[in-house]
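The structures considered in this document are given below.
Two complexes are shown next, each including chain A; its partner changes from chain B in the first to chain C in the second.
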Partner chain A sequence: MFTRIYQQLAADWVNLAAALLAVVIVGGGLAYVLLQPRLFLLGLKNLRRNLLRTMLTAVAIGVLAVMITTIWTIIYFIDLIQTERSKDLKVIVTYKWSVPSQIPMNFKDYLDPTSPGLLLKLREPPTDQGKPLYGKDDFMIWSFFGGTTDPQKITPDTLIFFFVMHPDQIIPMMDDLGDLDPKLVQAMKEKPQACLLGKDKLKAINKQVGERFRLTSFNYKGLEDLDFEIVGVLPDGRYNASALMNMEYFNAAFDKYENKFKAPHPLAHKRLNLIWIRVKDRDMFDRIGGVIEDAPEFNQYPVKVETASSLIGSFLESYRVIFMAMKFLLVPGMLAVMALVMANAISITVRERRTEMAVLKVLGYSPNQVMLLILGEALFVGALAGMLAAGLTFAFFNGLWGGIPFRIGFFPVFRIPESAFLWGLGIGAVTTFLGSAIPAWTARSVKVSEVFSKVA
Partner chain B sequence: MRFRNPLLNWIAERPGGAMFALVGILLLLAMLAPILFYLTPIRKVPLVYNLRNLQNRWMTTAVTALAFTLVTALLTGMLAFVRGMDRLIEASGNPGNVMVLSDGATDEAFSNLPPFVAQDLPSDVQKQIVSVPTDPRDPGKKTPLISQEVYVVVMYMIPNAPPGSRQRRFVQMRGMNDIAVAALVHEVKLARGDWPSPAGVKDLGNGETAIEIIVGAGLARTFAADLGKSELELGDTVTIRDRKWVIVGVMEEASNSFGSEIWTRDAQMQKYFGRENSYSSYVVRTENAQMANLAVKEIKSFKRDRTLQAYTEREYYAKMTDTSKQLSVAIYVVAFIMAIGGMLGVMNTMYAAISQRSKDIGVLRLMGYQRWQILLSFQFESLLIALMGGALGCLLAYLAVDGQTVTSLISGGGGGGGGKTVVLRITFDLTVLIVGVIFSILMGCLGGAFPSVSAMRVRPLESLK
Partner chain C sequence: MSVPILEIRNVTKSFTRGGETLTVLRDLNLVVGEGEFLGIMGPSGSGKTTLLNLIAGLDKPNRGDVRIGGQAVSAMNEAQLATWRTRNIGFIFQFYHLLPVLTAFENVELPLLLLPISAQKRREQVLNALDLVGLSDRLHHRPGQLSGGQQQRVGIARAIVTDPTLIVADEPTGDLDARSAVEIMNLMDELQRGLKKTILLVTHDPRAAEHAQRVVHLEKGQLLESAPTEAALATAVSAAQ
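Presenting the complex of A and B:
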């Protein structure tokens, strides 16, 4: 996904809005400090004067900001992976009519740019000699191999679900694995039984790198049990519960079956599950998609072509209500609670400090300066608490689990993006502003004569 | 949730009745309150003083209570969703039903079985299979309640989907050899229409034919929305796999996992979805749960040309609680953190109240009230704010979500895919209400604890200086 902060900002309007808001808040804050230094210092003294209540308010804002950052990370990630990109699209070729997609292994020959059988229309003209429309590093195939380490006790902990692929295709094609140590890929190429596991999976089967285990397949019944050697751990994050194995080893298991039983495995002819092709833009996607969907070679097992985001969107459709509730009920509800907490704290402060406001006015402070004093105090606490809370959330979840451990579909964790700092700042500042606007206005309207007549 | 006490079960199953019962109990308590109050030491606590203060500072009270309302409404609304999911899982599956899958399969979607007849099962199991008369013309003739089913998750192209929106959706289809018998096995009834004919194909009258299907009530609503209609009508057609499928029946609204499925004849499913001559599961009905458990054991140890995997249907669905468990944990974590926010809010309010009223506390102490009485009085004040907010939050959530139907997923985890899309009814029942009330009480008690202690420690003479 997007690792650079500017990529995160460009990819999502909330990020962009948070960044703009941050500029306004920081700019406004600096202007306030520079133009009204006495007010700023007075505000700080006021906050220190009742440190307990200032801390209570800050912590209340902070804990709610932690929760919103956590929830919004999940929403942000889910939205992002379902958003169609305009560049570097991934084309996914799957069986057209049902899931799980199962297609013949020889389909890869029609789409592999290094294969002599590549569909002619997938070459630049002149079509019989032109170079393929995409390179070898833009193509990969996937099969799924599921099995259990303990056939007598099939539990989620004993199950391993392998993504089967050619090791050379891992680094160029797999999302978030571009920085994988090439030595691990080399190890997979040298030892067919080598595999990479996510850290949660390793923990679940209670194994370490260098250890071996045997797997009895449940989706390809009848294949001999396969021995695996763990040669490395997948990077912390979305692959924590995943496992990768070598396509050669997978294919060899079917060959063994055929040699043993003198007949192919009943599912051997449809053991390929997905084909991935990376294309540079939407036009190329449409061009390649059209060629594949119209190719008579796929008539027997019709295939469909879609983007990764579209396929993921279909799988996540059943979670739609949960996401909608998170986005449109839970987050606004929490923001409202934050605003109410702040409104309460500030209105109590204003009520207690009516005499002080009146004195300030007598000393020559304008009503707007009194209002600014209250708003400044509130925004200082709210924005700072929000940003600190988001920062702590970022450090806690990303540091401890590589992200928020909330399994949805194929996503075991959700990494909190760097832009979360901006969300925290924005959440804290906006809710504080909403909560303190009316009390600050009340402070502005304090009438000196009324206050002193009561004092007298 | 099942209670041992039948009265509690009755209440849990009738949330509306339970609400009335609760209101009744509260009214009774309200009537008895003066007597109870007189008999307890709490009568010595200056509660009227606190009530008057809440009234005088009504704005602060209202804003604090409103925060509690929101927190409790969100918590109970989310819990009601999970309760709906749990209830659906509990209600899915007859206790006497036994599901047979291929060995190693943990989900119907990954199971592959050949066609079978009852004689293929262990003889002890055959004897346990329930038979019922299914032909009204021949009541003496009984049909064994066995269903062979082929279950496929298919790709449905959404008609008239606007560009840029989702173009396709997964739909769960189930083909049976005898749908009427399968409906008896699964206790599914039709709200409208009829079961598909033995041929399973209908002439549409314009030279076209369509495959007959019945659809679950939840899916019928989705299809109707796709077609731009308020309600799906019999005779409407949908296109799946470039073939027309005509709706001949709509299932009754029920709390089980079939509400989001399409049912049709097995032959059609096998033909169109590459499952030639194979099934996903066999479901057989035995007399009761005990018989079902025995049958499961028999089938698991039964050795023929292939090993079979068997579950009681209840057991199969009970394993699909991964999503609901995960959501429950997430909800409690969210609730806990929100509660901290709410508690700190009330703490702030109470600290402010105490600092404003230190002279009052001094006077109360000089009037003879003990420290513990001051402590209780302020604790009562925060508790009352929390309860008012919490009760309103529960009511709000009940009115907003109870009875709403939503689409969700139930799954058994393991990372191997699977799971079922279901249409569930959000259930705000007594359990949710109790959790909401307890949650409010805890927030009020904990939020008021420290300020109450500080109120208790106010020195009367110093406060009056």
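Presenting the complex of A and C:
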């Protein structure tokens, strides 16, 4: 978990800022508790005096933290997958002129590092003997195979959309599947008809691991129906609605078609959809990209080379305005509204307690201590409520659905990152700080003589 | 008079309200000796509370000098005043002004939290102060669970717990019934006689003022000395005997 948090912090400036803010809040809070323990305890007791108001304040911050955690998880994920990496880039090779990409299956031979047909320029010099520029674990091909379990009743529940690939390429190349049980990969290799399904898909077709089903293809019409055996479930999260099948089985279906009809399937020559290559850095990306785009082998079906993030970015282009509005209007707007609500609530508290502030000053408490008392009370409630709410959001969504079930394109769920705890802490602390700063300053500036003359 | 503990020299204090300047205290002079019990009387709006505020460092004069124990109060900034008040001034309010969320013990403990003393010493001082005002059996009661007289006793305990140079009482019996008022004034007598505390009492109540050794009247911003009170005569007689 801590490794994941570290990776999340390193990957995103908001997370880093939240972490730094958390250090300041926790450090400042500890210093306050250690240096002014009695003032802290007095603050706690003050919070208890109007428990309903304290609870309502905490709930308001909690609701805000839940909302922002939910929204920010989606923004964070979308940003993250569109961010160009400087290292370990993934090159995607697709057909240049149409979407979805459809390219001949033999194109893989030009790019597969284990294939004798690998383009010479993709080898280290001397090119005819040199090592490939990338290893076999850096290469993956995808075909898409969609079908229905019930051709008479085609509904979202009966539809399955397979990523067709070689089982050996799953663990090294698929995002977030590095921890997949190798036994599942082995099972897929041993049984060509084996498949892995996501949790939601399994539920939708009402099957369990070990059961079988038959699929009638809708994107390769004419192929015989394929029988599948479910050998495992994909990890909870982004693959909940996905399915993986073996490339050998897919290819065999086309061979069977050709044997039966004495002619290849009309789409057999362009049944490969994507080729993935992982490269170590941007220079290597440019080098490999240049070789592929200039290679005469691809003249008949020109290909383009782009990064995964730019491909996803193009796909998400239609959502761009919504994401921008969420990021730059909705979230800041919510924070501002909550800060104003806090300012109002804390101002009322300070107004009610002006005499008390004056008494503290008479007893010898400095203006700064009076200000700290108000800030401490507000920040304690805010930071705690924010962090707890974010934690509950994390546990609720991730525990129940593997993330926030808000389907955007091929992302069925958005897993809330562990760093959301820091967001909650930051959201609660920042809004209450903004809301309490002016009232706390007012409390600091209470003129004792004025308060007492009014009382008397 | 014994050694002066409070010296007020040529103090003028005015307020501006609605563009009009109102002079509340005018070239006022007052000297209070150590261990003295001084009563300050005067009609409403005569500047009694303003005078107390200046003495306690809660406000600053426009002109003149306020010195307590030789220290110029009017020259200190707010942070210095806060520290100084903890050690030198015990304030007793008409409306007690106890913190409602704290127990009697915790209310009395409040000023001590600012002093560099151990928790054990702090506890001892709080218990002594509460014992002195007769509330040893009400340590863990909150203000809402105490009568007005008891709350004022807690206020007095809070005022004396730091062993201040000067106790300033602003109408301490103003919100109490007659019986509680007598009890409180008797307690203040004990503080002055038994602990030799210097007390400044602002009051409207002539019966309360009778407990003071000397009473001054504030009128139109000026102090007028009164005849010695019964308490002063009693003190003088007992001193002569």
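Going forward, the second predicted complex is superposed on the first by the 453 of 456 C-alpha atoms of A that agree within 3 Å, B and C clash if a C-alpha of one lies under 4 Å from a C-alpha of the other, contacts with A are read in each partner's own complex, and residues count from 1 in each chain.
The rule is short, and it goes like this: contacts are C-beta pairs under 8 Å (C-beta built on N, C-alpha and C of every residue); 3 or more make two chains touch, one makes a residue touch a chain.
Please read these numbers as outputs of a predicted model, since none were measured by experiment.
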Ask   = Which partner does A:Phe396 reach: the first (chain B), the second (chain C), both, or neither?
value = neither
Request  = Applying the touch criterion given at the start, work out whether A:Trp441 contacts chain B, chain C, both or neither, answering first, second, both or neither.
outcome  = neither
Inquiry  = Going by the contact rule set out at the top, does A:Val359 touch chain B (first), chain C (second), both, or neither?
reply    = second
Inquiry  = So in the superposed three-chain picture, is A:Ala325 touching just chain B, just chain C, both, or none of them (first/second/both/neither)?
reply    = first
Ask   = For chain A, which side has the bigger count of touched residues, chain B or chain C?
value = B
Ask   = Which chain A residues lie in the overlap of the chain B contact set and the chain C contact set?
value = none
Note = Touching chain A in the complex, chain C uses residues 49-50, 53, 56, 58-59, 78-79, 82-87, 89, 91, 93-95, 97, 99-102, 110-111, 113-114, 158, 170-171
Key: Complex contact set, residues of chain B against chain A   = 59-60, 63-64, 66-67, 70-71, 73-74, 77-78, 81, 102-106, 109-110, 112, 152-155, 166-170, 240-241, 272-274, 322, 326-327, 330, 334, 337-338, 340-342, 344-345, 347-349, 351-352, 355-356, 406-409, 412-417, 419, 421
Task = Name, in rising order, each residue of chain A that touches chain B in their complex.
result = 52-53, 56-57, 59-61, 63-64, 66-67, 71, 96-100, 102, 146, 148, 151, 154-156, 159-161, 216-219, 221, 241-242, 301, 304, 306, 310, 313-315, 317-322, 325, 329-330, 333-334, 336-338, 340-341, 343-345, 347-348, 352, 406-407
Parts of chain A lying in touch with chain C, wherever the complex brings them together = 38-39, 42, 45-46, 48-49, 355-356, 358-369, 447-449, 452-453, 455-456
